């Protein structure tokens, strides 16, 4: 079977809303961009959609924010292209440039204009199980087989997708959207929060004491607090606190398959990329970035705007603004300097030995 | 919206049971601790709950087991504090010390007294789908939309939460609790086991042979055996065996997002921390600890009480009691000695070069 | 409770189908193997099942493909054993050898003969929620509480297990099987695809722009394309594309807890082992292997047949056929040479210092 269709263009009408057309001036306003029409560009240009540079036609708008794709810009047939001032004169003559210092943000807004997020479809699916004591706001959408337990509270225009479970007493602020198969317990969730399918929020933290006949559970009597505008990726897990709350600061973005341990506190607008893990009681300042597969030990503090690289293993506090990488974590420059030095020194040693007819260091490690 | 409430104290009454008050002698007995009242402490002290040192009032009991929080102890207003003998004389005069060699275990028991685990609520939710051939014990709780397939067998007082699927023929021992959205297939599960939301137990292992026109599946005809008192974290996955069983030994604790491959055998009371992975056919002795994000290759043996550090990559057998870290894994001391030596040697080389006006080693690695 | 049963043999009748007995010649044909009966082997041998070498009886067939288990072969009581030509003469006299160059493939086929995959049970469970506009093929099986949304299309003999959600417009090709608790959105799925429980396919990619008051979402208007014969492991996540499709090439095998970022493109017959992560827009050629817990940065290309080792961190393009390991990634030989050299040099330095009575390098790193 061929599952690809002919075009491969974005915005497949089977899946996505489509608005428009929009005049170039409407797009420019939305994008906070300046219009610079090429010498051969039509006036009163109307755009019907978005497309990548290599596929766009005269009816579509595209964008460039990465120098490596510059050849695609000069060859594009797009009607309009969002670019930085540096690339404005590289736009072909038939094309209109939308010039802005932040083309990716402009792109986000223009693409959202053409493909707006789907609207809330108010109503409770007949198969959903909603407790009588639950408080349901106005224009709430509750999908098939969703479970809303006693005392849960949903703000206006909240969306609860198919099969999600909102545990007893959980609050969800207005305009938040919960994907399919999510479980929420012991949690207070802010406004405009998005939780993707399969995320697990509020279960017991990993806490136990060593008793005479095995491990004994330590009650986990804190909650999970998710502030406004947070997003949490698919199949990620956030444990509730043991003695205080686990807190995700406003605006923070968490990717898929991330683990957040009990009592962790993340600041505002942090970014935590896929498969990273933050151990219990660790605290992040605002605007901290944790790259993919990085791991943070428990009970440490990461200063504001610090950046933790992919696969980094952080075992102690990190200063604000620091760039760390490696396992154990080191400043970015030092880590790569060490790597380069070891490579060079090993090679030199090999060459010396070969020259002196000494057998080379075994390639099979002893481990 | 403010999702935090004013106090942030543990034990939010919307979410947690609360028992008590309890007399200090009751707590001391439960904690197996000795009562040492301060000179200004009231007699016949009754405690109403638990709280952290910095928030506790005269009606609450707190605990200290980490030297770094000692300043909080001397300043606390708590009515009672659980401490080790070493800290007993640091407790303020108004306060009663509960002195024990194992304060964390004592804390687990005292906190459980105030916040007991929620009781089983016997009954089958009307929306659950229970096969006629399933054997259901006494006082079992089955939540909304749960599925119990043919020939499944649930012991007394088992809890199956919303949306979980207990596959055909699966056995679950008494007093076990299965969280929401769990799937169980081809598995035999012991008593007092806890499985957290979204865990996947018993699916096919990752096994295939290379055939002339692509991969061909190898039937996975073993099971998953989970012995008594095991806990398995949210969204963790345990594949069933191919030719023998995958076995999780009694009392073992597995955290969130852990992967256990087919035919793996874990001993008793092992600890496997978040995002660690154990490949197929690998065997762990008793009391092995695998820290977060560590990975074990397949077909190796880890001796009893060995400790595998965070992000460690283990490619060969590990002796009982060994402490390993690094990727590839090395003894703990050797790994950190190597790291320290490379840092020092690289720095020395840099300084020498700078002194001799040679351009420094490039900071951008060749890779 | 004892959850183990007496035998521990594979193929527990409570869980697995069982066919047979089969004559040795039928097995040989299926296995594309040559029959070499031992001097004391019975003629007209009929086999009733499969078992490991150490447990097999005269009625069972076993196999050996790893030299390390050779002692088990010489001691086995199995009626027949699948082996390579090199081991054919090591089979005991009472036993019949099935000789083939690819014993693991032969094993896959023979074991499948005895334990065939369970058949489709056509029918829609009465609790399932199927949209009127969904197109359902012949002999489709839809389990309890499954949700099939508007415009979804299921090919003949598709299986949708309990609690899975097939989103609006999603296509699934014939003979594909979707496990329990899977969510599928914005996806086109080929034939004979298997998706294991809890996988999340088609949710928004991790894309946002930095705006003046926080992050702003970038619409993700691509899809997920899963070609024929792909398998996707439990709790793995595959995000849909932002501007183009995320594509998983035909025959590719993805293990549990794997993350595939938006716009990633995997070639044919790739293998991606547990907990590995492939960042956005990265492209894999055909027959690429990514071992467990490896991570690939975004926007790079991995050449055909390259092998990326466990926990490897790949930050740049990799040539076809290359063997890479380490973080940052290096050629396999170079990585282990570096590790060996550092271990040796550190040890030498330690010894020199000890000899000269200089205090040793601190074992506690500065970090």
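The letters A, B and C name the chains in turn, as written, and every chain counts its residues from 1.
Quick note on the criterion: a contact is a pair of C-beta atoms (placed from the backbone, for glycine too) under 8 Å apart; a residue touches a chain by one contact, two chains touch by 3 or more.
Values in this document were obtained by computation on a predicted structure and should not be read as measured data.
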{"item": "Interface numbering overlap (same over half, different under half) for subunit A and subunit B", "value": "different"}
{"item": "Magnitude of the superposing rotation for subunit B and subunit C (Cα, nearest 5°)", "value": "120"}
{"item": "Where subunit A and subunit B are represented by their mean Cα positions, the distance between them in whole Å", "value": "26"}
{"item": "Residues within subunit B bordering two or more other chains", "value": "145, 163, 181, 198, 235, 257, 275, 293, 311, 315, 327-328, 330, 336, 339, 342-343, 345, 365"}
{"item": "Complex contacts: residues of subunit C adjacent to subunit A", "value": "129, 145, 147, 151, 155, 163, 165, 168-169, 171, 173-174, 181, 183, 185-186, 188-191, 198, 200, 203-204, 206, 208-211, 214-219, 221-223, 225-228, 235, 237, 239, 241-245, 247, 257, 259, 261, 275, 277, 279, 293, 295, 297, 311, 313, 315, 327-328, 330, 333-334, 336-345, 365, 367"}
{"item": "Interfacial residue positions of subunit B with respect to subunit A in the complex", "value": "1, 3-5, 8, 10-12, 14-16, 50-52, 102, 104-105, 107-109, 111-112, 115, 117, 125, 127, 143-145, 161-163, 179-181, 196-198, 229, 233-235, 250-251, 253, 255-257, 269, 273-275, 292-293, 310-311, 315-316, 327-330, 336, 339, 342-343, 345-346, 349-350, 361-366"}
